[in-house]
Each structure stands twice: as structure tokens, then as C-alpha cells.
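Next up: some structures, all given as C-alpha cells.
You will see chain A twice below: alongside chain B first, and alongside chain C after that.
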Partner chain A sequence: MTSEISNPVKRLDFDEKINGSIRYTADMELPNGLFAKTLRSEHAYAQIINITTPSLPDGYFIITSKDIPHNNTIPVVENDWPIFAEEEVHYIGEPILLIVGPDIQMIENLMDQTIIEYAPFKPTLTLKEAMQNPPHLELSYTKGDFDHTTLKVLDKFEETFETGLQEQAYLETQSMMAIYEAPVIKVYGSMQCPYYIKDALQNALAFSPENIEVYQNPTGGGFGGKEDFPSVLGVHTALAAIKSGHPVKMIYDRSEDLSYTTKRHPCKIKLTTYFDENHHLVAREADIILDSGAYTGLTNVVLQRLSFSIMGVYNITPLHVSARAYKTHKPPNGAFRGFGGPQAFFAIESHMNHIASRLGVNPLDLRNAYLVKQGDMTSTEGKFRHPVKLPELVWRMETMSDYRNHFAESEEYAGVGISLFLHGCGFTGSGEKELLKSKVSLAKFEDGTVEIKASSTEIGQGSLTTLSKIVAQALEIPIDKVIHKLPSTANCPDSGPTVASRTTMIVGKILYDLCGEVKKRWNEPRFEVSAMYKYPSDLFWNNTELKGDAYPEYAWGANVVRVTFNPVTYEVDVKDIWAVYDIGTPIDSKMVKGQIDGGIVQGLGYASMEEMNHIAGKVLQNRLSTYIIPCSADFPEIKSATLFNPFEEGPFGARGLGELTLVGIAPAYAAAVEQATGVKVNALPITPERLRRLIHEQRK
Partner chain B sequence: MVKAFYYPRSLNDALEQLSENEILLIAGGTDLVVKTIHWTGHMDFNKTLMPLSHLPALRGISTDDTSVTIFAATSLNTILGHPSVPDPIKQAIRSIGSESIRNLGTLGGNICNASPAGDSLPALLGYDAMLTLQSVQGKRMVKLADFIHAPGKTRIRPDELLLSVTIPKLSYDRYRFSKIGQRKGCAISKLSVFGIGRIENGLISDIRLSYGALGPVPIRITDAERFMNRKSASEVLDNWDIIENSLETQLKPIDDLRSDAAYRLEVALNLTKEFIASFTHC
Partner chain C sequence: MNSENEFSILFNLNGDEIHYLGDPTRRLLNVLREDYHLTGVKEGCGEGECGACAILVDGHLYNSCLMMPYQINHKSVLTIEGFRDSKRFEIISRAFEAAGAVQCGFCTPGMVMATEALLRKNPHPLRDEIASFMSGNLCRCTGYDMIIKAVMIASEAGDGLW
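So, the complex of A and B:
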């Protein structure tokens, strides 16, 4: 069954992206513009003793922390992330100053002539070293009553999982430009969250809000990498534009972007499952450790999502979770599609497989015995309020992939793996209610066109088209009567950041509801109406106790991966990929497929080949020739489907999608590799080199 | 910054320039540009740049009864489309970069770049490729095996350019080129193994084994070849420890950010063994 709205339409940004006429920040002419380049720390941890700057030719400027009128911080959640290092540097690559001028070659010369003297300290480079000191973030919660004295436990099984860094590898590197037209500062660039940059500018400049305008330029991918980080470039270019009196542009080159921008958090998860005398899974504990890098950034929110996702899709109660994050002298880690989910589901789903193998049962049978149902408690003792169609999801996956036969009759060096997973749609905790308070507007004009005003950004995922479709269908007008441009803080209310798989479900829903009002007033020639997100009244959240509904709603998925293993080269070849999702109503089947295919391939890159390491605080893989992401030849066509399960609180029944497609594929891949090789794999990425080591260790 | 750029009108013009000035030759530039480009978009060359790919005297493929000669600035895709180029060589060239890189990149570029991971090199070594170098003083022939002596370093003189590569027409019953990269396309080799040989009266004959991306330079292991010749595949496999010792001491695999030495060595050995095993099925 499908809805009419699922029928694909031509994307609003299709022509300009296909014919190449679209102009990204780096392509834009900036009359009288200057270029800004960041001079970065060469030490992982040191005191800055002295800075000797060269004498500057006319038209060149140096920007340091002294040029910041207000706070020298990037406000994310905690204010520990400086705009420029002042007295100390905390990672290799930390910005110390900018050199700004008309000629980039001259800028490079001036950078070479700028001498920073350091007094180095001993840096903390690994999680192991970091754990000598207390964590900077900590949380714990218990679902149900975890009392060791009353639990009837016969046996327990404990194991540890590890995952590494992942780079977002958006096609367009971080890019920003600023123009100062006193008293107004205007910032334009590649971004997911215009209002985050506005907040950062306000915090640094102490300008009044009406004198700060942030505009999204065409953005070549984000994947979370343009959630928090563009604030750094936003403030840097603004400071340079204000001081120089010229427009200023800053474009990171690929190596700079790979080396110093935020990545997915490396993680270590210990899981303990308790069994009773009937081999039932009666309780579970999780102990989670994250590497934050040098500053907090979004780590506490990632830590929360990871911790809340660790129950998986299983009702195994009681569940006790403790989680900590430690700082190391490496670039701050941050947002990346999935936001803790990929780490959690790699651990929990692999753990379920290992339990099934210990108990000698089919991995799917073990899962089926513990699936959550509508009305069950979430990890944080909220409620799964809406129909949970996991049995149907599993059935669809079984029939589509023939999983059981593949599993039972697996040939030598072939394997199949399954994963079941969920993703909380929207901000964690009461974020949607307390922090975001999303607002959108619709303007109706005399000619019968309607303009969408929301700060949600188009980052390649298709939100311009998706939201237009929702409005067009709700108003029953053709989509070409809907105007939807890239947002700015000057023209659009704050509909919240473009993150957390929230744009379609939450922003789309406010727009959908608002269309009712527009319809009623349709005969008026010209008007504008606004509305805010209505937080469902039956949701609650206690942020001190971490109790309640951590998310407004959940989307669900199942993946099956079939592989073969080459014992001569230790290479794994993916033969089949199947994916089924419950995302409610797909708003556009083609764009949904785009998200599925992209998310799965990005997740398989994480699972199988993307590796980033630091030596002495310096990143090794700092080019796309050494940080290897998948290409089209690596994986076969993905066979995917969606369930029909409209979500009553979503626009036309839609749930969140963007991140769900990435979070579950790594454990399915890992399980397939385990069956094909006969070894246990508790760490990502599963490179041929890692497999070789594991096979030698485990066959001893 | 580019100091100067000289666009030669003919091969002789290019050779004269080479005899008088310090010059950096470009034959495709697919590796050179990536290696040299700065964040500023500029490239730092302290020599005059001279492109060669447009010179007719450096392009094309000629063939006679015993050999094929590929002129140095012939693009990789042109080579792939030529009927006289032996399939084992084509298989190696097909594994280089992407379609667009193979359109621009040249065989001469792949050789003179002298990368340990140059994917044409193991096959050319296996074929005993001869290089013709030319300067205003004339031509000289050098074996490819003697030409590359360190990563990125060759025995070409500053006044010389590589004119052509001559490959003998080998008869063979078995050949294999295996390239291992982290992904299936656009990959830089972690290791590569090239093998080619004949079967005479059920015995291995004229086998050649060469290896890329393991150590500082692509290398052919002739003592292992000598041990194998005039033996059956099963006899070689029964004495595998001898081959293993020979390869281990000569391949000198390295740890780097693409792979580790232990993986490289073991997989090179495994692929070699698999290739030898293919001689049993006559």
C-alpha cells in the first residue's frame, strides 16, 4: 500500500545540480573580497609562549583572540571550545590566528613567517591514557529494578566492542564567507544550522540579534559535519570581515577538513547479559566510553543518544547503563549521521549474535523472543506509544532475503548477517520542547503562490522538495505554486537545526498543520502565518533522572547482508544487501531510496574500510587517497522496501529517515563476516588486515 | 609557483630544451598534480614544466614479429584499446585509477613516476620490458629492472626523456595479475602480484613472478623463478618453505597507512601459491 504523496517528483534543485550551474561558496565572486586562512597549532598540548608575526603588507590582516569583542567560545552545549587558542593549545590543528588578505600566495608566505613558540606539555592521546583521569561527562540510568540480590541469575556473558573515527567526507569542504555592512554582519556558507551560527556570532560579537544575518549557500553534503563545526568558520570570517572592512571568504582544503574538523566519536562498549536457569535473557548492563577529543562540542548529546539506543529493539529488563566521555588532545569529535546510534547498534546487535551462538539458537529466533511491542517501556521508561511493527518488519525481511536458508545452508567462506534497529526521530530528551521550540511560517501571495519559511537546510537530502511536497499536497495546489528557497535567519523563523532525522517529521508536521490555517484564509490576497511545534502532550522527560520519552517517536529497520570471504586475500565481497524500514509514509519514494542507498553505503564504509588513526596526535589519513571511502564498484544494488505504517503525528504519516539508514548496517555486515570466516569480530572497521590478525589469533 | 612553462613543438625541440635547462616533464600529470598542488591551488615547481602528451613522436604503438613498442606518452586507455598489446599487460593497466585517469595518464608517466605502487610495473618487469631513453646525444636502452632504484627515483639523466617501452611477445599458458586495494575502484595498491609462465610436459617453464607496493620498488624474484622452472606445480608446492624464504627475504614489505607488513607478505605469498596451483590443471 502506498500514499499518493510517495510518488516521486523532480527535485527542486535537480536542474542546477545536474547541469552544473549551481554556485557553491567557493565558486562565488566576492568583489573586493579577501581570503582567510587559519594558522594552526603544531602541538597536541602546549603553552603558547610567544607569537611573532611578520610585518604585514597593505591590505593584510591578522585576526587573533584579541579581536573578539565578547566571548572567545563556540557555544555548543558547554562553552569550553575556544574560537582561537589563547594561552594553551589542546590539539594539533587548533586555530591560533587567521591571516587575511587578497592574495593566497602571499597569505601562505606570511603564514610561513609567523613564528609561534610553545612550551609543550605531555599530551593525553589515547582513551587508555585519558581514563587515568576522571571523565568530563558521565551519565547513568536504570530501566526497571536492577537488584543483584533478587535477580535469578545462573550465568552471564560479557564482551567489549570498539569502534573508530569516521569522517563525513561531504563533497564540498567547509566553506564560509562574511560581509560587514555596519552595523550588520552577514555570514553566508555551507551549513546545516543557520541559527547555530547566529548564536555563535552573538556570543562572540555581542551584536544585537537583528544585526546578525546568516544565509545558507548551496551546500554539498553535511552528514552532521556541518551541524556544529561551521560556527567556527562563521565566527572566523565575521571577525575578519569586521576588522578588515572587506568581504572575507574561507574555504578549507580537503586535507585541512579531513585533519581538523569533527568526526564520529570513537567508542568502547562493554555489554553484560545475565541468563536464568532456562537460558532466558533476564538482565543487561552496558558500560560506554567515548573519546570526545579536546573539547566537549556535542559529545554529551551523542553520549545520551548512544546510551539510550543501547537497549536495541529488545525488552530485556532490567537494564543498567553507565556512560562516560573523556577528553584527549585530538580534534573535537562531533555530529555524524546516526549520532551514537551506529556505535550502539554495532555493539548490541553483535552481542545478540554472539549470545545466539553460545545458546545454539538461530540469531533471528533469539531476537524474536525479546522484541519490544507497542506500550512497552523505552530504555528511559518512556513508552512506545505507537504501533511497533517489528514482527511484520522481520517477516518482510525474511521473505525478501531468504535469511534463514542462507544462514542454515551457508557454504564455506560465505556468510549472512541480520540486524534489527531503531532510531529516535527528533532531538534527544525534551529538546524539541525546551530547546528548539521550532517555528515556521507560510506566506500566501496574490498570485496563489505560497512560500515556505523555515530554517531547515537543503544539504542534498532533498528537504527543499520534501517540504514543498507536503505543503503542496496539504493545500491541494501544484508543487510549482510553492516557493522554497535556501533559508536565512533574516527571512526565516527558527525551525530548528537540520539534524536528528527531524526535518520531515517535525518541521514537515508544523507546516502541514499550518496549511489548515492557510486553507481557511485562502481567499485573502496576501498574508503570512506562523506556527510552533506542538509537543505531544502525553510525552514527558526528566532530564536529571534521564526518565521519560527520550524521543517523540522512533523509526525502525532491518538489514540483511550476504558476503563471501576470500581466504587468500582476506577480502570480503558483499553479494547482497536487503533493507526494510518502517518510516511511516515515505514522502517521496525516490528520495527515500536515495537516503537508503547512501546511508547503507556510508555505513558499510564505516564497517569495512574507513579507517582514521592518529600518531602523536597527528592524523595519518589526511587525504582522500588515504582515507578510503567506498566507490560505486564496492557494493551491489541494494534491495529495499518500506512498511506501510503511517505515523499519526507525522505529516501524511511520515517518520524520520536520514540516520536510520546508516545505523544498522555495520552489525549485519559484521555478522555475515563472522559466519564466513568463523572468527568473532568485536571491532570496526573490519579491514582485511584486521581480519587476518583475528584469524591468526583465534585459530591459535 | 610555476616558474616557466615550455610547450615543445616537436620531440627534437623537447630534447634541446632538456639539454639546456632543468625541466620537469609532464606526461598526463594525474599523479604529479595531485602530489604537488597546494591549498592555494598553486603548484610548487622549481623547474620549468614541459608537457609531452601532445607530441606525435611520443604517441602510438608499433609492433613486429617479436615485440610491441609503446611510445611513452600513449594514454593508458589507448593501450587498452590496441589489439597487439598482450592481455597480461592490459589486465594490469586496466587496474590503474579510474576511467578519467586512464584517459589522461600515460605508460611513460607510470614508469618514470617510479611509485612503489605503480600498477603497470610488476607486469612490465615480468615481461622484461626494455626502455628506450633519448637525449640530443642519441638513444640508449635500459632494462626496466635496472631503471627504478628507489621510491620515485630512476636512472634517467636530466637531459633524457623516455621515448618508448618495448615488450617482447611472450608465449604463455598461465598468467595472473592481482591487485589488492582498500576498495574496488580508484584504489592505490596495498600490494600486487604478477605471474606469467608456460607449461612444458606438465612442468612449469619460463615462469616470472613480480610484486608491487610491498617494498621500496616493484621487484621480480628471479631465484624463486629459477627454483620453480622445470618442476611440476606439486613439487613446488611440496617445497613451499623454500619459496617462502626467498620471497620473505627479498620482498621487504612495509607498514604504512595503507596496510601492514604482515598482511602484505602473507597475501603476496598466498597469491603466489594460488598462481602456482593453477599450473596443476593442465
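So, the complex of A and C:
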């Protein structure tokens, strides 16, 4: 069943994308422009003793921390991330200075002639080493009454899961340019969050806010990788433009991007489940460890989302969760679609499978016995306030995939796996209420057109089109009467960052509500109205106790994957992929399918092939020929469906979607591989090399 | 030849006869983008893995980041800019729209050129043949199925054109 709004429309940016005329940052001409390149640390942990720079030809400049008028930090959540290393370097690749000039070859020659002398310290490179010192972040919470003494006597099952780094691998690398027209600094580039860059510029330059303008250029993919990191390039190019007096452009090459930008946090999760004498699951404990890399970045928020997601979709109470993050001398990790969710669901869903196998029950029957319902407590003792259609989701999945038959009648070297999962839509904790305070405007003009003004960015997901559709349908005007351009801080209020599956559900909702006011005043020739997000009044959050509604709403999903295994090459071949979601009303069925297929394939990359390791602090997979992402020949067609369950607080009933599709596919894949190989797989990615090792170990 | 490093190279670029006088060992990708402002040809990886810089040389698909001008001497080069006014492009464009095969758009020109190259070789490819032929063009947004469907739609709608 669908609503009218679900009928697909042509993307607003389709024509200029299909014919190649759209200009990304690297394609833009910059008259009198200079290029900037970053000189980076060669040591994982060292003191900088001395820097010897070559004499510069005319028109070339060096930018260091001394050129920063105010704070030498990139503000994310904490202020521990330097713009340039000053006295110490904390990872291989940390920026030390920029060389700026008209010719890239000359810049590279000058970089070769720049000599940095270091006094190296012993770096902390692995989580194991890092855990000898205290964590830099720590949290814990308990749902229900978790009493160790009572639980001690019960039967328990404990296991540990590990996941690795994952790179966003957006096709367009990080790109930015800056123009200084005193007293105004203008920054243009590839980004998810214009106002984050504005904050970073203000923190570094101490310019007054009206003299800082940030413009989004067409952006070739983000996936979280352009949430926090573009602030680094934004400040770097701005400093270079101010010092040189020329426009400055900075384009990372693929190797630089793969090696030194933020990635998904590697993670270690220990889960313990307690059983009563009837083999009921009566309590659960989770211990979570993250590798932050050298600086905090967004780690504390990832740590929260991961910790809150670890209850899965199951009401197993009491639940006790403790989580810690440790710094290592590697590039800082950051945001990536799912934001802790993929790690949590790999662990919890695999753990459910292993319990089912211990108890000798079907994995789906075990799950069905513990599904959360409307009115149940969330992990943080908030409430699932709206209809939870998990039984329907499961039924739909069983019908579509014939999971039970595949599971029962699996042939040798074939396997099937299922996963159930949720994703909190919107910022974690009281973020939507206290941090973001999202604001949007609508401008109505004489000719009956309406312009959307919001800082939400188009990064491929289709938000220019979906937000326009919401406004067009709410105002009952044709979509070509809605104007929606790429945002800038100069022209758009801060509708919050384009992250956390929040754009359609939250920004779309403020726009939808605001349309009511526009309609009332429709006969006025020209006016502009604004509104802020109305945080649902029955939600509460206590950030000290970590109690309450961690998210305004949840979206739900089920995945089934069927594989075969080649015992000679250790390769896994995916035969079928099924997916069912409850995302409320799909705003555009084609855009929704784009998010489903794209998220699943990115998640299957995470599960099966995307591997990134550091040796002595240096990344091994620094090219697309060594960091392997899925190609068109890797996976079959995905069969997907959505449930009809409109969300009363979302625009036309929509919930969040963007991250949900990546979150649950890895455990379904892992379960299928386990059935096909007969070995237990507690770590990602499941490469043929890992499988070979596991098979040899476990068959001893 | 003006100097030791300059060579004279004649080639056809999007229908125009071009006399390139310069370094014969520059990356063709840079020559196309910098000298002829053909920015529909994208750099995604610089090592022939991603296909964002894909062009046709005498009708065959190549990654321009792995080519040098001397390799196109007396050959014919087609980029998205030279292809986008054709009837075949119109068919491919409509097919990509119908299938929802465009998201961030960065891989798109390369995907379009790959589609044209495939349909020239094989006007009615099977799903597996498309998946295999397009495997040198990476896309991080769509998960590929919508792109594969677009090629199938184009193949059907453009029956007789290729």
C-alpha cells in the first residue's frame, strides 16, 4: 500500500548529472586561484624538533599553526583536534603545514625540500596497547534491576565480537575552496554540514559570524565522511586564502583521502546472556570498546548510539551496558552511515544466532519470543511510543524469502541468515532539542513560487527532491513551483546537519508544518516565514543518567541473505538478498529503493570485503585497488518491500531511512556464511582469508 | 616540435579535429579536463579502478587516467560532452531516469559512457553480461541494481539504434 507522495518523480538535479554538466569543486574554475597541499607527519607519535622550509618562489606560501588568528582546533564535540600539529604529532598523516601556489608540481617539489626533524616517542597503535591506560571516554547504564549476585548463579553464555575500519569511499574525494574578500571569508565545497564548517571557521579565525559564509557545492557522496572532516579543509583553505590574498583550492587525491580521513570506528563487543532453568533469556550484559584514533571527533556520540542500540529489537531486561573509548596514534575515526549501529547489530544478531544454536531452536523462533512491543521500554528506559510492527515485518520477510525452508533444507556449502534491527531517527539524546534547534524558512514570491531555505545538503540521497515534494504536496502546488537550491549559511537558516537519518523526518516535518502558515497567507504577494523544530512534548532525556528517550522515533528492518561457499577458494557467493523495512510512508519510492540498495551493498562490503589495517601506524590499503569496495558483479538483485505504518509525527507519515539499510545486513550475511561453512564467525570483514583461518582453527 | 618535450598529436575529439602540441606523457585525463575543459570526465581514483574518467577511444571504453596523449594519435575520442546531444544519449538518459540510476552523480558520466560502449558491442545484453561489463565503473550510492536495470531499459527502448 502506498500514498500518493510515494509515487516517484524525476530528481531535480537529474539532467545536469546525467549529461555531466554539473560542476563539482574540482571542476570549477578559480581565476587567479592557487592550489594547496598538506604536508603531513611521517611519525605516529613524535615531538617536532625543527622545521626547515625551502626559500619560496614568488607566489608561493607556507601556512602553519602560526597563521591561525584564534584557536588551533577543529571543534567537533571536544576541542582536542588541532588544525595543524604544533609541538607534537599524534598520527602518521597529521597535517603540519600547507604549501600553496599556482603549480602543483612546484608545490610537490617544495614539499620534498621541507625538512621536519622529529624526536619520536613510542606510539600506542593497537586497542590492546591503548587499554593499558585509562579510556578517554566512558559510559554505562542499566535498564531494569541488574543484580550481579542473583545473576551469578544462573547459566550464562558469553562471547566477543570484533569489527574493523570501514572507509566511506564517496566517489568524489574531499574538496574545498576559499575566497577572501575582506572582511568576508567565503568557503565552498563538498560537504554535509555547512554550519559545522562555519563554526570551525569562527573558532579558528574569530571573525564575526556575518563575515563567514559557507556554500555547499555539488557533492559526490558523503555517507558520514563529509560530516566532520570537511571542517579541516574548510579552515585550511580559508587560512591559505587569507594569507595569500588569492582564491585557494584543495582537492585530496584518493590515496590521501583513504589514508587520512575519518572512518568507521573499529570495535570490540563482549556480550553475556543469562538463562533461567527453563532456558529463558533473563538478563544481558554488554561491554563495548571503541578505537577513537588520535582525537575525539564524534567518538562520544558514536559510543552512545552503539551502546543504546545494543539491546537490539529484544526486550531482555535487565540489561547492563558499559562502554569505553581509547585513543590510539592513528587518524581520528568519525561518522559513517549507521554511526555505531552496524557494530552493535553485528554483535547482537550474531549472538542471538549462537544462542539459538546452543538451545537447539530456530533462530527466528528465538527472536520472536523476545520482540519489543509498543509501550515497552527502550534501552535507556524511554518508551517505544508508536506502533511497533515487528511481527508483521517478520511475517512479511518469511513469506518473501521462505527463510524457514531455506534454513531447514540447506544443502552442503549453502546457508541462509536472518537479522532484525532498528535505527533511532534523529540526533542522539536531547540533541534535536538542545543542540540543533533546527530552523527552516519558506519564501513565497509574486509568481506563486516558493523557495525552501534550509541548510540540509544534497549528497546524492535526493533531499533536494524529497523536501521539495513534501512542500509541493503540502501546499498543493506543482513541484516545479518549488525552488530548492544547494544551501549556504549566507542564505539559509541552520536546519541542522545532514546526518542521523534526520533530514526527511525532522527537517521535512518542520517544512510540512510551516506550509500551513504559507497556505493561510497565500494571497499575500511576497513574504517569508520561519519555524523551528517542535520537540515532541512527551519525550524526555537525562544526559547525566543516560535515561529517557534517546531518539524521537525508530525505524525497523529485517534482512535475509542466502549464500553458497566454495570450499576450494574460500569464496562466498551471495545468491539472494531480501529486505523489509518499516520507514513509515516512503516519500519517493525510487529514492527509497536507492537508499535500500545502496545501503545494503555498502553494508555487504563492510561484511565481506572492505578491509583496512594499519602496520606501525601506516595504513596498508591506501588505494582503490587495495581497499576493495563492491562492484556491479558482486551481488544479486535485492528484493525489498516496505510496510504500511505511517508515523503520525513525520511529514506524510515518514520515518528516517538513510542509515537503517546499512545497519542490519552484516549479521544476516555472517549467519548465512556460518551455516554454509559450519564455522563460527565473530569478526568482520569475513574475507576468504579470514574464513580459511577460521576453518583450519575450528576444525582442529 | 617546439622543444624536446613537445610532440604533435592529431586526434578527433568529440567530432573536432584536434592538433595537440605538448607533452605526450601527460595523463590524458588532465589534458581533457585542463586543456579542453571537458570536466564531465571525472577523477575518482587516478589508477584505473573506478571508471569515473571513462571515455570511448575508437568506440572502446578506456579509463583516461591511465592513458597518455601519444596513445590517441590518429584516433577518435568521445567524452560525455560529445555524446550528450545524440539520440542514443537521450535513450540512455531516459532509461537512467526511469530506473533511478543517478544519486550523487559523480560516477554517472562514466556509467553513461560504459553503457554506450556495451550497447555498441552487444545491443541486447543479459543481466549478467551488464553486471560483468560495468564492473570497472564503481558507484557507492546505488548498489548497482538500478544502473543495471537502466542499461536493460535502454537496450529495449533503443532497439535498432545500436
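We adopt the following convention: the second predicted complex is superposed on the first by the 696 of 700 C-alpha atoms of A that agree within 3 Å, B and C clash if a C-alpha of one lies under 4 Å from a C-alpha of the other, contacts with A are read in each partner's own complex, and residues count from 1 in each chain.
Definition applied: a residue touches a chain if its C-beta (ideal position, glycine included) is under 8 Å from a C-beta of that chain, and two chains touch if they have at least 3 such contacts.
Note that the structure is a prediction, hence the values are computed from the model and not measured.
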Based on the superposed arrangement, let me know which partner A:I51 touches: chain B (first), chain C (second), both, or neither? neither
Would you check which partner chain A:L30 touches, where first means chain B only, second means chain C only, and both and neither mean what they say? neither
Please indicate which partner A:S632 is in contact with in the superposed arrangement: first for chain B, second for chain C, both, or neither. both
If you stack the two complexes on chain A, which partner ends up touching A:L359: first (chain B), second (chain C), both, or neither? neither
Partner contacting more residues of chain A (chain B vs chain C): C
Answer with first, second, both or neither: which of chain B and chain C does A:D253 touch in the superposed model? both
Applying the document's definition of touch, where does A:Q105 land relative to chain B and chain C: first, second, both, or neither? first
Where does A:L139 make contact in the superposed view: on chain B (first), on chain C (second), on both, or on neither? neither
Using the touch definition from the top, say if A:P688 reaches chain B (first), chain C (second), both or neither. first
Dual-contact residues of chain A (chain B, chain C) 253, 625, 629-633
The answer for chain C against chain A in the complex is residues 33, 39-47, 49-50, 52, 79-81, 84, 89, 93, 96-97, 100, 102-109, 112, 127, 130-132, 134-148
As the complex stands, chain A meets chain C at residues 8, 10-11, 13-24, 26-27, 168-173, 218-221, 223, 253-254, 459-462, 590-591, 593-594, 596-602, 623-625, 629-633, 635, 637-638
For the chain A and chain B complex, residues of the former touching the latter: 37, 104-105, 107-108, 253, 255-256, 567-571, 609, 613, 620-621, 625-626, 628-634, 687-689, 692-693
In their shared complex, at which residues does chain B touch chain A? 1, 34, 38-42, 178, 180, 182-188, 257-260, 262-263, 266-267, 270-271, 274
